[in-house]
Amino acid sequence: MPVVTIKLAGSLSRDQKRKIAEEITDTLERIALKPKRYTYVAFEELPDENWAIAGQLLDEEEG
Amino acid sequence: MPVVTIKLAGSLSRDQKRKIAEEITDTLERIALKPKRYTYVAFEELPDENWAIAGQLLDEEEG
Amino acid sequence: MPVVTIKLAGSLSRDQKRKIAEEITDTLERIALKPKRYTYVAFEELPDENWAIAGQLLDEEEG
Amino acid sequence: MPVVTIKLAGSLSRDQKRKIAEEITDTLERIALKPKRYTYVAFEELPDENWAIAGQLLDEEEG
Amino acid sequence: MPVVTIKLAGSLSRDQKRKIAEEITDTLERIALKPKRYTYVAFEELPDENWAIAGQLLDEEEG
Amino acid sequence: MPVVTIKLAGSLSRDQKRKIAEEITDTLERIALKPKRYTYVAFEELPDENWAIAGQLLDEEEG
């Protein structure tokens, strides 16, 4: 029953999501003995404008 | 002051959200004695591509 | 696959959690047509000292 | 390493997000001694239809 | 109705939480025009063993 | 800047957490090109009594 949430700025391709979900689910099965069918992985993609590091929005850092 | 977050893949109609929020708020008042005005319910709808079960994205399962 | 998180200050009895989980899962089946076996409900109980409303910790309000 | 998540209904302007992220990061440095570079702030903006208070969706309240 | 969640490793004193909640609630009122009574702030304190940066648990970094 | 949250019922050993954090951080570097130093992994362990699947608390299932 693990629920894995991956929150990030920007977006991932469908293929990146597919591989990441597969690997993380595999990691949790091998190391934590969680049967695959119980593992949920959710991707939360936020615009750069909605994420700050060190008090600065990510879309400023590009500047 | 309960904050209820409902995270799911796909989307709900406005009417479904209205009824779900109403019932959950009522459940928390009856069973946990939380006054209705303090209960927040937030719906987080994710695209099927952003949700995996058993290491497989939900939009693959249709295939 | 809905994941329902109920975050609150204070704690609930085991029996309250049992009934709330049962009702919410039922609500999501009836209204959103989500099969029960896919619904996860997680309770996150925080100490009153870790929750503020209107800028005031909940354990102050008692004073 | 604090991760601050600000979940709200409606949306903020880029400038509001910039100032809020700056102030919160500063607050955590001054009061909790967390170096700025470790603090992440994420804004999660939900449509009014996805948020309920007291069992009522926020877009009903306008009515 | 903003819900602010502050997730961090280690713990804060009651007084730090009190001041942080007060300042953040004030920030959201001044900048985002959110009435104070609607703002919830929740602190989620995790043991160092439950938090990793750069793939390393925080309690290793001390070593 | 990805923030990965792993929410589960029960608990993991320190060694399981160490390996899981390492592998997930590595997965995000290889597949999503996220530099390791920006990735946070947080483990949220909940008692079995605080988690329900199919409307049933996990500590009932053992019965």
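Which chain is which? They are A, B, C, D, E and F, in the order written, and residues in each are numbered from 1.
Basically, a residue touches a chain if its C-beta (ideal position, glycine included) is under 8 Å from a C-beta of that chain, and two chains touch if they have at least 3 such contacts.
Treat the numbers as computed from the prediction; the structure is a model and nothing was measured.
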Hop distance check: chain B to chain F, minimum number of steps through touching chains? 2
Interface with more contacting C-beta pairs, comparing B-E to B-C: B-C
Per Cα centroids, the chain farthest from chain F: D
Angle of the rotation mapping chain A onto its copy chain B, from a C-alpha fit, rounded to a multiple of 5 degrees, please. 120
Between chain B and chain D, centroid-to-centroid distance (C-alpha), Å: 20
Using mean CA coordinates as chain centres, what's the chain D-chain E distance in Å? 12
Cα centroid separation, chain D vs chain F, in Å, comes to 24
Two-or-more-chain contact residues of chain F, please, as numbers and ranges. 1, 3, 7, 9, 24, 40, 42, 44, 51, 53
So the complete set of touching chain pairs is A-B, A-C, A-D, A-F, B-C, B-D, B-E, C-E, C-F, D-E, D-F, E-F
Inside the complex, what are the residues of chain F that reach chain E? 14, 17-18, 21-22, 24-26, 36-37, 39-45
Residue ranges of chain C in contact with chain B within the complex: 1-9, 12, 16, 19-20, 23-24, 27-28, 31-32, 34, 38, 51, 53, 58
Show me the residue ranges of chain F that touch chain D in the complex, using the header's touch definition. 1, 3, 40, 42
Name, in rising order, each residue of chain F that touches chain C in their complex. 7, 9, 44, 46, 49-57, 59-60
